[in-house]
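What follows is a pair of complexes built around chain A, which joins chain B in one and chain C in the other.
And now, the complex of A and B:
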């Protein structure tokens, strides 16, 4: 039972991470390697405000969402003016800057030794279960909230504007709208919703280590988005399910932990390459059929 | 006063050595980047491959330096060639967009880097030379790099190869129309690029050692050098590399080595913002 609860919480965290990244990668067509940094920034906001400011979970979450959105805007300021390669390069740099900050500011974050003793959520007196089952409930609630929010966003004027910007950039600009502004908004919103995953992670782990939010995490999130699909929210769920379950399957298959971690990353790398080839072949065959 | 000049000299010398290291890998990167425009991040893994090969052959098997250099260079070049022939080329032929090539490259980087850490472990491998060894390692690095850099610059600027490269960058259809085989040109550029990154990795490993993700830092440095050098010329990468090297050695002195990458990035962003025409002027080509 505890194992299933664990899987449930991890699945919820990845679902939020991937749905948030989908907004940037899928809807705004901006490949980013910085989502792991947002995940980390949110987690440190969360942990530090719970430890030092003694804030309750909800207030700390609010602070993390606002803080992450501001950091998102900070990244967006230079990044959205740049196209293609230069955008990705900037997000990659952002990923390393956040990592170096969390790793080197030992007085604040504990550096490589980590940041421990993050307080848990106060359980309401009437809750019959234990701490982890309560966190699972909270995970489900937050995941549903984030998905509802992202769903509303897609259906709103903002979502339509975003589609218009991606499909007809020049027309969009010609109509007097700023494509820089909407891209910046997308990044800030995505960073904000990512903070929900950070909050759950910080409380669940009770301990933060900069290594949990490195480039690998950003690539893992990218893999999840590519695996599930670029636009539909339920595809984000499929992506999250796959990347949550693959490590479990590998573990059940009896791979030792040390090699298992590397093999898992090799597998995820291969998945990315295969997905690109699959898309290319599908399009290629489609093209040949159209020729006939 | 004497101490001050010593210090300046030291910082300058460090800058020259790290600048030459960056320039070498930046040149290799720019050869394929300026012609194919692929976000070739798997280049980071080719660096790691060269570094680990050198470390294994030189420090583990005990072969002397020329043999170890050769092994590293050959392995990196072969991997670079295979990457182009088996991954990028088929995708380019099927008309994949630049975003898709980028994702494939990220995937290949993960595969190669974690294969290396599966074999060698994730702990950094140090070069086990003493202080005297360190100085000779750095001298070797500097001299060999300068020779190779001049040779490549001479080739690309004075011969037909460089002309073809520039033509390919500016107008691929026209080049094809004139009967130049662009696929063969790209193949040879990937080979050359692999040679350069293998050499750069081996020389740096001889000095500083290697770990699985060193290549990613080096890739970022190379990319920054290429962007800072600007204008899309091959020599830009070399100039950018040396500038970045000097800058980083100052940063190391002022702020400490743990902030190098962050400072370099902030400077990159400043360059891109203050002088945006330098970037957009690089004939950005959409697939």
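And now, the complex of A and C:
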């Protein structure tokens, strides 16, 4: 039972991460390698405000969301004016900056020894179960909330504008809208919703290590988005499910943890290569069909 | 006295030609160009390929930076605004609309959404408002309908189709319809007839007249001289980076034909 709860919480965290990344990668068509850094920044916001400011979970979460959105705007300011590869490289640089900050600001984040003793949520007196089952409930609630918000966003005028911007950027500008503004908004919103996953992660792990938020995490999130699908929210769930379950399957297959981790990396790499080939093939076929 | 909606003074643009990263020369596309556009008229810019017609449009729209010179735009409120330092979306908000060469609709959006994008129920003081459901305002629909009915297009039928699947002529009419419902007062139309079948040209000229009657000022780039003589009041001949000749369409077109033949 504890095991299933563990899987459920991890699945929720990845669902939020991937759905948030989907907004940037799929809807705004901005390939980003910085989502792991946002995940980390949110987690440190969360942990530090709970440890030092003694804030309750909800207040700390609010602070993490706002803080992350501001950091998102900070990244967006230089990044959104760039296109294609240059944008990707900027997000990569951002990922390294955040990692180095968390790794080297030993006084604040604990550096490589990590940051421990993150207080758990106060359980309400009437809750019959234990701590982890309460966290699972919270995970479900937060995941649903984030998905509802993102769904609403897609259906709103904002979502329509985003589709139009991706479709025809010059015409979008000519119709009196700033493409820089909407891209910055997308990055900030995505960073904000990512903080929900950070909050759950920080409280669940009770310990933060900068290595959990390095480039590997960003690539894993990117893989998850590619795996599931670029635009549909339920596809984000598929991506999250695959990412959560592959290591568990490897474990059940009897592989030792160290080898399992390497094989997992190989598998994800392979999946990414296959997906890119498949996408290229599909585009090629589409092109041939258009010619006929 | 008629008022000028646009007055351009001493506009210059130089492109640097670089080969393998080395600067190997400059091309003076526009050289101290002066142009005045009268409010409420349809004017055309004539010129051979590469004369700088689209570059001029791009500079008015803010897509290209200006080297020197000024572009004064007179807004509906009557204030003159300098456009050269503004970003494209600000210029569009002031009331300069644009028909892009080729595809000028959002192909992945429905016709209806395209019209909503153009109509811009604009600038909410509270940003949160634009999170609400797309409002399909009734007055917008009626306005658009009055335009499309002229070409026996039924918005009820095509409104829910993706604009990308319409024919070239259909897309062009939708693009013009977008400008019709947009708050823009000056429209820059870059080759409205390119890629359109001959029998559809009457529809395009009718659409332009309709836009004019609705109080829009139109500046046109067009290679189809018959069409130009038919719809345009005034012509400007752009050659060597500045306007060589301005005047009544028929006269300027005659002169242009002679020069091209030489």
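The criterion applied here is as follows: the second predicted complex is superposed on the first by the 283 of 292 C-alpha atoms of A that agree within 3 Å, B and C clash if a C-alpha of one lies under 4 Å from a C-alpha of the other, contacts with A are read in each partner's own complex, and residues count from 1 in each chain.
Heads up, the rule we're going with is that a residue touches a chain if its C-beta (ideal position, glycine included) is under 8 Å from a C-beta of that chain, and two chains touch if they have at least 3 such contacts.
Worth saying up front: this structure is predicted, and the values here are computed from it rather than measured.
Peer 1: Which partner does A:173 reach: the first (chain B), the second (chain C), both, or neither?
Peer 2: second
Peer 1: Look at A:116 in the shared chain and tell me whether it touches chain B only, chain C only, both, or neither; answer first, second, both or neither.
Peer 2: Neither partner.
Peer 1: After the superposition on A, what does A:56 contact: first (chain B), second (chain C), both or neither?
Peer 2: Once the two structures are laid over each other on A, A:56 reaches no partner at all.
Peer 1: Regarding the shared-chain residue A:129, is it in contact with chain B (first), chain C (second), both, or neither?
Peer 2: The answer is neither, since A:129 touches no partner chain.
Peer 1: Counting residues of chain A in contact, which comes out ahead: chain B or chain C?
Peer 2: If we count touched residues of chain A for both partners, the winner is B.
Peer 1: Going by the contact definition given at the top, which residues of chain A touch chain B in one complex and chain C in the other?
Peer 2: The overlap between the chain B and chain C interfaces on chain A is empty, containing no residue.
Peer 1: Per the contact definition, I'd like the list of chain B residues that touch chain A in the complex.
Peer 2: 37, 39, 87, 90-91, 94-96, 98-104, 106-111, 113-115, 117-118, 122, 213, 216-217, 220, 223, 227, 258-259, 261-262, 265-266, 268-269, 272-273, 276, 279, 284, 286
Peer 1: Sort out for me which residues of chain C touch chain A in the complex.
Peer 2: Interface residues on the chain C side: 61, 63, 87-89, 92-93, 97-98, 100, 103-109, 113, 116-118, 120, 122, 130-134, 178, 182.
Peer 1: In the complex, go through chain A and note every residue touching chain C.
Peer 2: The touching residues are 152-153, 155-158, 160-161, 163-164, 166-168, 170-179.
Peer 1: Quick one: in the complex, what on chain A touches chain B?
Peer 2: Counting only chain A, the residues touching chain B are 29, 31, 33, 78, 81-86, 88-90, 92-94, 96-97, 100-101, 103-104, 215, 219, 222, 226, 259, 262-263, 265-266, 268-273, 275-277, 279-281, 283-284.
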